[in-house]
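The following pair of complexes shares a single chain, subunit A, combined with subunit B in the former and subunit C in the latter.
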Partner chain A sequence: MLRKNGVVKELYKNRILLLMLLPTLLYFLINNYLPMIGIYYAFVQFDFNYNLFKMDFVGLQNFEFLWKSGKLTELTLNTIGYNIAFLVLVNVLSITVAVLLSEIKGKWFKKVTQSVLFLPYFVSFVILSVIVFNLFNYEQGVLNTVLQQFGAEPVDVYSKPKLWILFIILFYLWKNFGYSMVIYLASITGISEEYYEAAKIDGANIFQRAWHITVPMLKTTFVILLLFALGSIMKGQFDLFYQMVGNNGLLYSTTDILDTYVYRSLRVTFDMGMATAAGVYQSIFGFTLIMIVNAVIRRINKDYALF
Partner chain B sequence: MIGKSKKMACLMLVFVLALTLLAACSGNNNGGNNGGSTAEPGDSASPSASAAATEEPTGIDTSKKVELQFYMLGNAPKDLPKIEAEINKMALEDLNATVKFNYTTWTDWDQKYKLLLSTGQDVDLIFTAEWTQYQQYSKKGAFLPLEELLPQAAPKLYEFVPQDMWDAVKIDGHIYTVPATYKEYVTNGFVWREDLRAKYNLPKPVDIKTLEEYLAGIKQNEPTIQPIAIGAGIDMALSDAYLEFYRKVVGPMSYGMIAPYEDPANITSYWGSPEHLEDLKTFKRWADNGYFSKNELNETEGSQDKLANGTAAAMLGDNPTRYNSTLNKMKSVHPDWDLGYHPFGLTNGFATPVHPIHNGFAIPKNSKNAERALAFYEKMVTDKRYNLLTQYGFEGVNYTVENGYYKMVGDANSNGFVREAMNGWAWRNPEFMLFEPSYDNVEKIFSELDKVQKPDIYTGFAEDYTEYQAERAALEQVEKQYLFPLMAGQVADVEAGLATFMEKAKQAGLDKVQEAYKKQWLAYLAERG
Partner chain C sequence: MKIREDSATKWFRLLAYTVVLAGSLACILPFILILSASFSSNESILQEGYGFIPPKFSLEGYEIIFRVPGDVLRAYGVTTFATIAGTAVGLLLMTMAGYVLQRRDFKYRNLFSFLIYFTTLFGGGLVPYYMLITNYMKFTDSMYALIWPSLMSPFLIILMRSFINSAIPDEVVESAKIDGANDFTIYYRVVLPLAIPGLATVGLFLALHYWNDWFSSALFINDAAKYQLQFYLYNIINTSMFVNSIGAGAGVVLSEGIPSESMKMAMAIVVTGPILLLYPFIQRYFVKGLTIGAVKG
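Showing the complex of A and B:
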């Protein structure tokens, strides 16, 4: 009784705040939670004649195609591997560049650099794929034309799967790191000047100031970005892989990720069940991962955890 | 506390940026659950107020005003709103209905098409073809059976389309689509640069041997031109076209099965057979000789474009209409160049006119206004006003008729509605059709092919892959990974490569799929006689 009273009282006390929260709650309910009913599609045989809950329940049959080709492990590893590489490299690179840029005093130079690094973010992968093809094309590509000018043997880049691990990562960095750099740059601006002045008086040089003040202060931002990224670690960069590799089966051993695999497998099939099954697999994996990492972070430092 | 609020502002900015980053990543988490769209009030089957219907010629209840949702693939023409307004004026008078023309664009059209049909959206008319999986969708019950509705809601249309066409589009005994009646050929033929061929005195490519001689000649005399353009879709552009010509197959069957046109019951596995090995070796030879690029699988430019701009000198197979448009495109920039064409049918002795399934319009199961939709579609096909307007635009504004030929006003950029801009292939009416003078060329090819025409016996086949869809999806992957490089000639040892492919395909369940496919095919043949 007393407890219930407490809840009612609490609700009443914060009624204005709660009212203000309502639109957000509704938004999430409608856009993020309600569609989750669709997960059930993964377990039924899709049929145009019935609504979702009247369709035949088929258990895990829809998931079968994922392991039927014996590629699930390879795909999962590829997907995670690339995402970890993206995550680590993008963050390291963007933190480094953000710190460097923040130390630069010339306003004009700083702005130009920032823009130049940020611009690739707006280039579509479709366009990038055309550029890349013109660079590496065996017969008329820029690379081979230059190589032949110097009398070297032309290289067939498109038949060397190992090389593409590097390329894919490079393209991703080129396109995306400017964006997260701006995020870091913004949080660096938020660090109070007083720390730096105090350190300066104590005789710390520019590297010491960056290493002992800026980097630790960026930790919160980094952890948040990390957790967000981990949640979608099973969701590959579909556009990037699809556009760069396309139909070239020679490169699949190192460049095939879950998203491209699912796309290829279901392109000609219209089965809702199988498509949903693939999505559910990715989501469950991502969910588990984010829960674990969050728990670990909470152990280490409660303030940094997401929840 | 200026410092503090500044810090807060910065933190906010960081969060907003981080959130947009997150939002950008999570764009594809829609569970596809738009089901249960609310019932529209304009249910044509409503028993109320049927008195007004008696004087209507269509014999359906049009007492309530409805809006029809019309879906077509591709990009909407610029002047579509004007056309739509004019059509609506007429439709409102004739049928008490208005129509909304929706276009999917070509980007991810297959995904959108799938979603339109499976999420219970309000769609009254939708385009169908064998390449949009009409047969499979029908089999799964995505469309409304029309045989009872047709005589009642669209008697004129029912009369207009010949009975054998209605029979040809039947799936499991039901009519699910209204086929187009315009007869054309979309069979392939060799395309080559006639001016170069004459210049170097090379043979006309009429079979594989002469084609190879032509390619060798081009390679030798014009080293900067790629002798033959294939493109990234190598399965269709190279293998299917080659099979169509060289093995005279009944149609592009799935899962590596082939059956000759002359003896369609003799269905065998092409994959892994000696013939397959022989053909792959041919492709390898072409690649080794440099007839097509080492990186054909990553090609980003269309083959027709390459031909038109002079970077390639031949195509293995293209259909007459597309050949003609490539030729016109080329002529507009390089008037002194020329393209030659030789339909496979002339060498092989038979050509199949397009199957009625190739272009059609169906009514999805979820449609609330099936009768009205059908009546409207009847108008689109049989009423000259509707038909001309939706095929060619406004006369005098978008086009003029000169000596019976179609003539565009202005050019493709300034004209808001070019010929057949609504992609109206399905509602073409041969009686009203207008052609550009250059189309005479195509007509000539068609009339040649008419002499050797034989019916298409493949396209009516509706495969049901419910039993093996997991294997089917897995095979799709194996084919891309192991067979594509083989076809592109990028595997040094063809025999070993083929063995690996077969091993992987068998693992993915090839035998089961082929067995089931064969059974269905034979059953289909038995049913059709």
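Showing the complex of A and C:
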């Protein structure tokens, strides 16, 4: 009782602060916490005519259908597989380019190229679909125009699902690597010049300095970015996949992820049972993964843990 | 010794210039491709395909758009309104939240911060969210559906908190308090003016998000007159793809006929133009935001 009074007293003392925070708290309550109740949709027979608690309870039937559809393994593997590929490649690429860019002396050149490398992050994903269309369109696409100029046969890439693994990864890098490169560049700027001076006196050349000083100094930044990315390993890049592939069924085997599957079930095929079950599976699986990763990191180094 | 180091440096620089230049080209060429196609005549695209230089310079793509500009202007209006309203309201709420959450004498700040952060770890998923917005909030086909979903994000609130925390020393708040200012006055008179660089950064992140949003339209808008700009473009590209693939159909997008290749590309330029024009001036704010976000975690 005493403790409770303490809480009320404390909150009353800071009532203006609390009042200023209140709209934000309400927003997250409605926008993010309220839908958590909606997980119950996965356990009912969906019907647009009724409200949630008047629909027929069907237990795990929706999950059973989802499991029997045989898509679950493929969707999970695609989602996690792409995320791991993105994670590894985007970090390797952005660290490499950041290290190289940081050693360039021309101020103007450096500024302009950094801006250009960061540019794709700013355009919408719809533009990405325009670019993909420009490149791969069978009749007028750049790819086929170039192929024909060299006397080769045109290729219909929209019927070659394996190629799209490469395309999706390449466009992910194109769109996102500038973002992490900017972060790495900032950390490089923060490295003290003394290390480099000392290494120079010891006779280390520029390759050795980059590899033995700059790269190790980026470890903290890398771990932070890694953890943020791991936190969303079950969430795909919905915008990227949907804008690149759309509703092209020929490519689903290699490009369908949980997010696109849920969206399609909700808005294209109207299979609400599947959509809710897949969504809940994604949320819970993802959350469990984060908890495990966080616990492991806590063991290794407490400072790096997410929470 | 000296000479060897110099040659290593030379090779390193050569490598650096090559890689950075190649990367920059890869980033910019796709835009050149769109730009070039938008200034080509439709016929030349159909005959020679897309290329980096217009085979036959023509403004016909833009002419088609601006002959009947009603639709694209309306889509511009929708996106502009959502961007301005959403950014203004979002900024107001997030600056207040960021200020409160960094006040050391606010005892429950960590609990509240965690409650906000937790939403990035776990959520109900797309279907419950869709039902919330359409069935319970009744936002279908309204501007609220375009503004509400992106109003605030945990990332931006945390960024705002770090900004205010580093821009305003605790002593400033303390002395204002001693002078008898209440917490809101401190926020309004002291914190806001000092946090303007932070406001610009967070505001631009938010505005960019609103400007590039197409998903809210895809989910919640059925009335084509209320499509956001990006979704309007998306529909033009995909409608014409569809029309091309069945090889027939007229008057799908414009009463004039099938959107031509050059018109689609011109539309892409019209839609992205503002971002590309503003980009040189705004990108440093994003760089700053990322730097602060990364340093503070």
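Heads up, the rule we're going with is that the second predicted complex is superposed on the first by the 213 of 307 C-alpha atoms of A that agree within 3 Å, B and C clash if a C-alpha of one lies under 4 Å from a C-alpha of the other, contacts with A are read in each partner's own complex, and residues count from 1 in each chain.
The rule is simple: a residue touches a chain if its C-beta (ideal position, glycine included) is under 8 Å from a C-beta of that chain, and two chains touch if they have at least 3 such contacts.
Treat the numbers as computed from the prediction; the structure is a model and nothing was measured.
Contact with subunit B, but none with subunit C, is seen for A:Asp156 once the two complexes are overlaid on the shared chain.
Once chain A of one complex is fitted onto chain A of the other, the partner contacts of A:Trp211 are absent, as it touches neither subunit B nor subunit C.
Contacts of A:Phe57 after superposition: neither subunit B nor subunit C is touched.
Once the two complexes are laid over each other on the shared chain, residue contacts for A:Thr96 go to subunit C alone; subunit B is not touched. In the superposed pair of complexes, A:Ile39 makes contact with subunit B and with subunit C alike.
In the superposed model, A:Asn14 makes contact with subunit C only, not with subunit B. Touching more residues of subunit A than its counterpart among subunit B and subunit C is C.
Contacts of subunit A with subunit B, set against its contacts with subunit C after fitting on chain A, overlap at residues 34-39, 41, 51-52, 129-130, 133, 137, 139, 179, 182-183, 186-187, 190, 221, 224-225, 232, 238, 246, 266-267, 272, 275-276, 279, 283. The residues of subunit A lying in touch with subunit B in their complex are 34-39, 41, 45-49, 51-52, 61, 64-65, 68-71, 129-130, 133, 136-139, 156, 158-159, 179-180, 182-183, 186-187, 189-190, 192, 221, 224-225, 228-229, 232, 235, 238, 245-250, 252-253, 256, 261, 264-272, 274-276, 279, 283. For subunit C in complex with subunit A, the touching residues are 1, 4-5, 8-9, 11-13, 15-17, 19-21, 23-24, 26-28, 30-31, 33-34, 37, 45-46, 48-51, 93-94, 96-97, 99-101, 103, 105-108, 112, 114-117, 119-132, 135, 148-149, 151-152, 157, 182-184, 187, 208, 211-215, 218-219, 230-231, 233-234, 237-238, 241, 261, 264-265, 268, 271-272, 275-276, 279-280, 283, 286-287, 290-291, 293-295, 297. The residues of subunit A lying in touch with subunit C in their complex are 10-11, 14, 16-18, 20-21, 23-25, 27-28, 30-39, 41, 51-52, 96-97, 100-101, 103-105, 109, 112-113, 115-127, 129-131, 133-135, 137, 139-142, 144-145, 174, 178-179, 182-183, 186-187, 190, 203, 205-207, 210, 221, 224-225, 231-232, 238-239, 243, 246, 259, 262-263, 266-267, 272, 275-276, 279-280, 282-283, 286-287, 290, 307. Against subunit A, in their complex, subunit B makes its touches with residues 3, 6-7, 9-11, 13-14, 17-18, 21-22, 25-26, 28-33, 35-36, 110, 113-114, 117-118, 120, 133, 136-137, 140-142, 226, 232-234, 290, 293-295, 297-300, 365, 465-466, 469-478, 480-485, 490, 504, 507-509.
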